[in-house]
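Note that the chains take the letters A, B, C and D in the order they are written out, and that residue 1 is the start of every chain.
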Amino acid sequence: MMDVLYFAWVRERIGIPREAVETQAVTVMDLVDELRAREDRYAAAFADITALRVAVDQQLTGFDAPLSGAREVAFFPPMTGG
Amino acid sequence: MMDVLYFAWVRERIGIPREAVETQAVTVMDLVDELRAREDRYAAAFADITALRVAVDQQLTGFDAPLSGAREVAFFPPMTGG
Amino acid sequence: MHIAVQDAPFDFGMEAEEFARARAVSGAIVTFTGIVRDVDGGLRAMEIEHYPGMTEAALTEIADQAVTRWSLEDALVIHRHGRLAVGEMIMMVATAARHRKDAFEAAEFLMDYLKSRAPFWKREITQDGAEWVAARDEDEDALTRW
Amino acid sequence: MHIAVQDAPFDFGMEAEEFARARAVSGAIVTFTGIVRDVDGGLRAMEIEHYPGMTEAALTEIADQAVTRWSLEDALVIHRHGRLAVGEMIMMVATAARHRKDAFEAAEFLMDYLKSRAPFWKREITQDGAEWVAARDEDEDALTRW
């Protein structure tokens, strides 16, 4: 089981801020593909991953990052702090 | 008549903060030469003009600047504000 | 080092004064403050979402980097989240160093990283609705300087 | 624009807060503060001499240039003279702009010019006597950036 979090418009498009996901995904991209296959709102949120950023266990990383041992994956648009 | 002002160690070396000077000097350098000829303390203060800065009527300028119409000339070391 | 992520307003003047006063050896203090501004007219509020847990870790990591790289005596980051009105202060950073160049560079570095690497997302609320602020290419480009 | 050359201490926090609060459109505020520091140990006080009349004019000219060049909404310069104890604030600048890059650059420009072009001279008082602070080549070199 893995916690998957969504922020900003990704959260709005998917409709929930977080969920527990049962997955055997090896990389972030595998997880994205599983989510895309679920429902249209996921497919819409993940339509263009170049518009997204991902953090695994609260560390920014790439979509090719491995998920072994990961407890928390978060998807969000480019950050706009400051 | 022209007011001549001295600041920082130039003031200390010459011993006064300002004085009125009767001069026909055409440029700042002419004035420096007149002052140097007065007394040792002036010669000492103006020994190395690369260590000095000059302002004519409160505007930073060079030693070749003309003095026609000038009312106030100030000599001082490089500034150390901030 | 002081890192705060908070809903509540902060007192910029007091924070700046205290930060400057507490430094024993630093001759140079730089602060930056970001304020909600209504550039095009019609902005009612700014909403800032963040990623609790990661935000604090990311800010601490950024500030640690700045302290090490510019030999800072200290650094401060305060960033608000939640709903902010026009004119309210969003965030501030402060840096303390012996020399002004280090204090300035470290503050700019903190800001550049905060803009694009700390998990905050801004949304502008106008009379026409709400819109997520898009990341600007120049903010991403600013990181190449470091 | 606020330019002050004064013997009296100033309240950095209050000045910074007021400067930031009064800006209607600026999203970015940068401040710099210089503090008397005792780098080598033994410093008793710092004495700052200036050129009354020229000082105010030079600071105003420098601030005018910064406002024009970086389209600042406002700029502030406060510089003390007279005798200052270790830990006292010597001076501050503040800049207000729409974007952080302008606010930062303008503040650095103000500081670089203040260091080498405003008629102030510092003297350090230690137990061994008093010594005029020598201008640093790197401060003169900093001006070439602008």
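As a working rule, a residue touches a chain if its C-beta (ideal position, glycine included) is under 8 Å from a C-beta of that chain, and two chains touch if they have at least 3 such contacts.
These numbers come from a predicted model, not from an experiment.
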Residual chain clusters - chain C taken out, nothing else repositioned: A | B, D
Centroid comparison with chain D (C-alpha atoms), farthest chain: A
Centre distance in Å when chain A and chain D are each reduced to the mean of their C-alpha atoms: 48
Intercentroid distance (Cα basis), chain C paired with chain A, Å: 26
For chain B, residues contacting two or more additional chains: 82
Residues of chain C engaged with two or more neighbouring chains: 34, 100, 111
Touch relationships between chains, expressed as pairs: A-C, B-D, C-D
Residues of chain C that touch chain D when the two form their complex: 11-18, 20-21, 23, 25-39, 87, 89, 98, 100-101, 103-104, 107-108, 111, 142
Touching residues (chain side chain C, partner chain A) in the complex: 34, 49, 51, 53-54, 57-58, 79, 90-91, 111, 114-123, 132-135, 139-140
In the complex with chain D, residue positions of chain B that touch it: 5, 7-9, 55, 58, 60, 74, 76-82
